[in-house]
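Inspection log for the structure reproduced underneath, given as structure tokens.
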Amino acid sequence: MKYEVHIGGKTRVVELAWSSERWSVSLDGVALDADAVEIATNTFSILLDGESYEVRVAPLPDGSLTLHTGLAEYVAEVADPRGWRGRRHGALEAEGRQQIAAPMPGKVVRLLVQAGDAVEVGQGLLVVEAMKMQNEIRSPKNGRVEKLFASEGQAVNAGEILAWVD
Amino acid sequence: MKYEVHIGGKTRVVELAWSSERWSVSLDGVALDADAVEIATNTFSILLDGESYEVRVAPLPDGSLTLHTGLAEYVAEVADPRGWRGRRHGALEAEGRQQIAAPMPGKVVRLLVQAGDAVEVGQGLLVVEAMKMQNEIRSPKNGRVEKLFASEGQAVNAGEILAWVD
Amino acid sequence: MFRKILIANRGEIAVRIIRACRELGIKSIAVFSDVDRNSLHVRLADEAYPIGPAPSRESYLCIDKLMHVARRAGCDALHPGYGFLAENPALPRACSDAALTFIGPTAEAMEALGSKTAGRSLARGVDVPTVPGTNEPIENPEEARALAQRMGFPVLLKAVAGGGGKGMRLVSNDEEFLPAFRDASSEAMNAFGNPSVFLEKYLEKPRHIEVQILADSHGRVVSLGERECSVQRRHQKVIEEAPSPIMTPELRKRMGDAAVRIARAGGYVNAGTVEFLVDTHYNYYFLEMNTRLQVEHPVTEQVTGLDLVKLQIAIAAGHRLPFAWESITPRGHAMEVRLYAEDPENNFFPSPGKIISRRAPSGPGIRLDEGVYSGWIVPMDYDPLLAKLIAWGNSREETIARLRRALEEYSVTGIKTNTALFRRILAEPDFLRSEIHTKWLDELLKRPHTAPDSNSRSADAAAIAAALWHVSHESSTAPNEPEKDSRWKMDGRNRQLDRTP
Amino acid sequence: MFRKILIANRGEIAVRIIRACRELGIKSIAVFSDVDRNSLHVRLADEAYPIGPAPSRESYLCIDKLMHVARRAGCDALHPGYGFLAENPALPRACSDAALTFIGPTAEAMEALGSKTAGRSLARGVDVPTVPGTNEPIENPEEARALAQRMGFPVLLKAVAGGGGKGMRLVSNDEEFLPAFRDASSEAMNAFGNPSVFLEKYLEKPRHIEVQILADSHGRVVSLGERECSVQRRHQKVIEEAPSPIMTPELRKRMGDAAVRIARAGGYVNAGTVEFLVDTHYNYYFLEMNTRLQVEHPVTEQVTGLDLVKLQIAIAAGHRLPFAWESITPRGHAMEVRLYAEDPENNFFPSPGKIISRRAPSGPGIRLDEGVYSGWIVPMDYDPLLAKLIAWGNSREETIARLRRALEEYSVTGIKTNTALFRRILAEPDFLRSEIHTKWLDELLKRPHTAPDSNSRSADAAAIAAALWHVSHESSTAPNEPEKDSRWKMDGRNRQLDRTP
């Protein structure tokens, strides 16, 4: 099996083959001395030329993966020849305007702008409260508030779109 | 659902009914103020009149269950009206003679008796080695070694019958 | 000694108190809101009772519900932990009405010392210097703004009832003053049910150093030494250590004496913490007194060998302090990091959700005070503190090495945590030299941070693991399933959990 | 200092050494047999290499394979841990041939002190009393039997190369002598590759007290104080504590000096332990010297604050001991219990298998040195030590209370463990008064033991849980599935694990 893994700003090509009771692995076309086993659900122990790595995998809302090693965390996207429904398509959707999404479940406690307002990059758009902390969500770009989906007092979910800035 | 639970030398009757998002429980015909949830696989948190108990369940080779609480361990057998294949039947099989089973996987390093020998209760029958420890397996009764299934040097599995004493 | 103690709290501190009770042979009685039925403190307590819906104002902040549980369970004492009602004088009052021993100071001492404004005037009364500022809650924002102009910016706005940086704002110029005042008040109202804030001069590069004191009900007050808590993000402590690297025996003595004077003046009993700011010339200014157990109490426990929670209980039971200040010999160095469910890469937004996997560190010199477990769902309703990781060593260097080692072993997936932040801080030269102040971390976080080098072998391993994960999951669960992890979905899962089997 | 250390061991001690290396910034190189690919020490090490099939004689006892890995990985030092080759002089010899620093004594010191018989004559040479017995390995069993008759029964047979009670037998009368001799020899052969055993007079009600020493390569030898290890089952330590409850400063001084004399006489370097028997009149007799790190070293670490493994590495690197004996001030009390995969209800038979669930204790005063994790399969091929649970407290009483509390929190299911044994011991009045000796536990275990009261609420909860478990499983997995949990089946599962995804 052949996969494209987008990680750390690079695209790596991982080839996996199951033979004689273990995975043989090649990376970017180079065969590796790798011994990879799933120690527990979502946890892989990988020996690369003897170097021991433990990688714990967790999926993200957008379908990409977080990868924890003892010392670092990575975010990766995996694609295989058959492609992967949803994400690429989703990425396309985002183009043409900046969508402002709620990064966690919470409550909108204050709107700082209205639809149609001109905003600068870094300017506060609205304030979301979760776990007693108030956090101001800022504009990612100079532009105009095209649409405002959130209203004060509204409970919002992770990933929920709050506004469009164009 | 109604179950007979054989535990601590007693037989308890447990009735379970799923209603309004939780289990209602009665024990030996008495309805309890119980709040029981499965915290994790094989781990149950049970509040009995507010008293908090955590019970971790693990099955035994003979089909009975070990139940760990913080302070105690129990062994239980569960039967329901439909009965439970295997175990009861297995219990019957054992009757008529004493079967000597290997309590863990290991290797038979020495036979101390031969088929036909008269043995007393507590007398050594054979020596099994596992994890570098040698352990003598003793006769549970006065009687005769009816059959000897194990031979020196033989690897044996947990629960494997080594001898019959009658 | 007490028979049954009601623990009016949740999370890691409830677990901490349960452990102290168990070691003393006292029954621990937990309370839980609807979203906390499966929480660790409920699993570990001797008894546990529901007290209502998730919002703390309808559960953990309801004194009447707590009193009801105390009566039902037959408790003879109550431990408030920290946060929630711990600094609310109404709780000790309700306890005495219910003939329940409150494990903490009297309501009067709380009022005399707990409120920042009252505490500061009391401190001045016993010749302990304080930071210039308004002594009273701000009635008129415009007047306060004028005063700020006279004192000169930057100034700090602080909630009178506050703590933990909530309801606190730094105002660096005139324009910011009124919006900052509004934010601080509303945050204070939400967090403490009291919108009052006051004004204070902002010192340059101050260190936050606090003194742990113990006072028994027989008039003995002792200082257990200081904690250095200067590594803060937006006024919230993230790393604490003891002793303070800048401390001298003389300064320790002077600050300890000042702390004891303040506690005496307020008629204080039980464990408390006197917070100071220390400027670059080693002048110290009384900041406030926390009339409760601190989140960071373990670092003092690790260097003194004392169990502060057990001592709190003994003091409440009328025992005399079993030692004199002289007999306490701090040993080695201790450091604590606060592990939060928040995303350092994304403005430290809280990150509630289900813990998919968890690996806990252990071994020599490592202590983990934790309130979570694998499979548990971190609720969005409360402070996102997951655990406190505490290391002890013979030297600050050994302690930091152990903390680094333990952080490598620690892993929680499924939610974001701030472990990467600590990996970064513990490698910073300034931090290793302890050249830090209360704004140091905020400044550090403004600087660009280089991501892990994706050429390293660990990135290779991560890429391979990502592909392996894909192999094992493409057939089974939909990859973007978590996308729908809304709060309601989580509650759904909660119920699902209840329903199983 | 070293760059890479090869850890010639497995399980919790390999993990312990990995942690020390990481804190020192040294790369840790692990080795593993076929059944240990998924073991914790492989997960945590910086590098890990296979060294053959499960039987230790084909893997962990193969010096040539270890040397091969050391060369391949470019190691500059080797730590043997305990057990396996730790006391085999061939290992340090092979290391010096390979220009690899052995972290431990020289082969010569091992031979002079390690063998019980040699050690005893050396001890006599420096006026340290020893237990009467044969000084030489037994050549002729009949002669030895005659000597035993002259000395008078009971006598002990002990493996010359021995340790950990393996190859040891108590002989209480003439008839038992020859069969006991055969068992001891064959067990010694299996465990140490050396069948030699010797004979020793058996003392009544002796306590086992050992002294931890450190010797650097510059001639300084210091004693770090004693450990009380009298709670033993069939000559195997199950609970250790420091300090010994019967110790006086005078006796500590005398035994410490004796230990240092013996170490000096043998030209000993690095960490070692001098074991004594102490009779009811406080006379001490040299028993043997363990020329390696002890399983129970953590209790000394907890009361001294020293990290013995890091000190071993520093000594091997030629560092001078950073302190004088005078400067070591033991603080408080520490106690360790050895958690084994064995069944106390069934003659302590080993209980290998898959760990279904695991709950680990933590919090104040608790340290867990562990080699397992949930989902891991405990192999049948090695010593069944799962973890060491260590508690520290200001007093022996507080330490025991914490140990009890932590044991309540600790749980491993799927395999049998001996936790129930410790719950029982820690409640025994004799133990609480520390009126114990090396046979105390064996005698206790002969007495009838009352099972947990099935009228208690916890039995009710257990019954309910059993029914709930049945609900959730009757439809799914066959209840008697584990019946087929043979070793081969387990390996099958191992492969299954490898195959996933």
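Lettered A, B, C and D in written order, each chain numbered from 1.
Assume a contact is a pair of C-beta atoms (placed from the backbone, for glycine too) under 8 Å apart; a residue touches a chain by one contact, two chains touch by 3 or more.
Bear in mind that the values here come from a model prediction, so they are computed numbers and not experimental data.
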| item | value |
| --- | --- |
| Fewest hops from chain A to chain C - one hop per pair of touching chains | 1 |
| Interface with more contacting C-beta pairs, comparing B-C to B-D | B-D |
| Chain centre separation in whole Å, for chain D relative to chain C (CA means) | 40 |
| Inter-chain centre distance, chain A versus chain B - centres from mean C-alpha coordinates, in Å | 49 |
| Chain centre separation (chain B, chain D; CA means) in Å | 30 |
| Residue numbers of chain A (touch at least two other chains) | 38, 40, 51 |
| Touching two or more other chains - residues of chain D | 44, 408-409, 468-469, 471-472, 500-501 |
| Chain B to chain C touching residues, read off their complex | 18, 21-22, 35, 37-40, 45, 47, 50-52, 54 |
| Partner chain C, residues of chain A touching it in the complex | 1, 3, 5, 7-10, 12, 14, 16, 23, 25, 27, 32, 34, 36, 38, 40-44, 46, 48, 51, 53, 55-63, 65-74, 76, 78, 80, 84, 86-87, 103-106, 109, 127, 129-135, 155, 157-160 |
| Parts of chain C lying in touch with chain D, wherever the complex brings them together | 15-16, 19-20, 22-25, 44, 298, 301, 305-307, 331-332, 360, 362-370, 394, 398, 401-402, 404-405, 408-409, 468-469, 471-473, 500-501 |
| Chain B contact footprint on chain D (complex, rising order) | 166, 183, 186-187, 190-191, 343, 346-347, 349-353, 356-357, 359, 380-384, 408-409, 411, 413-414, 416, 420, 423, 451-454, 456-472, 474, 479-483, 485-488 |
| Touching residues on chain C, where the partner in the complex is chain B | 29-30, 37-38, 42-49, 72-73, 373-375, 495, 497-501 |
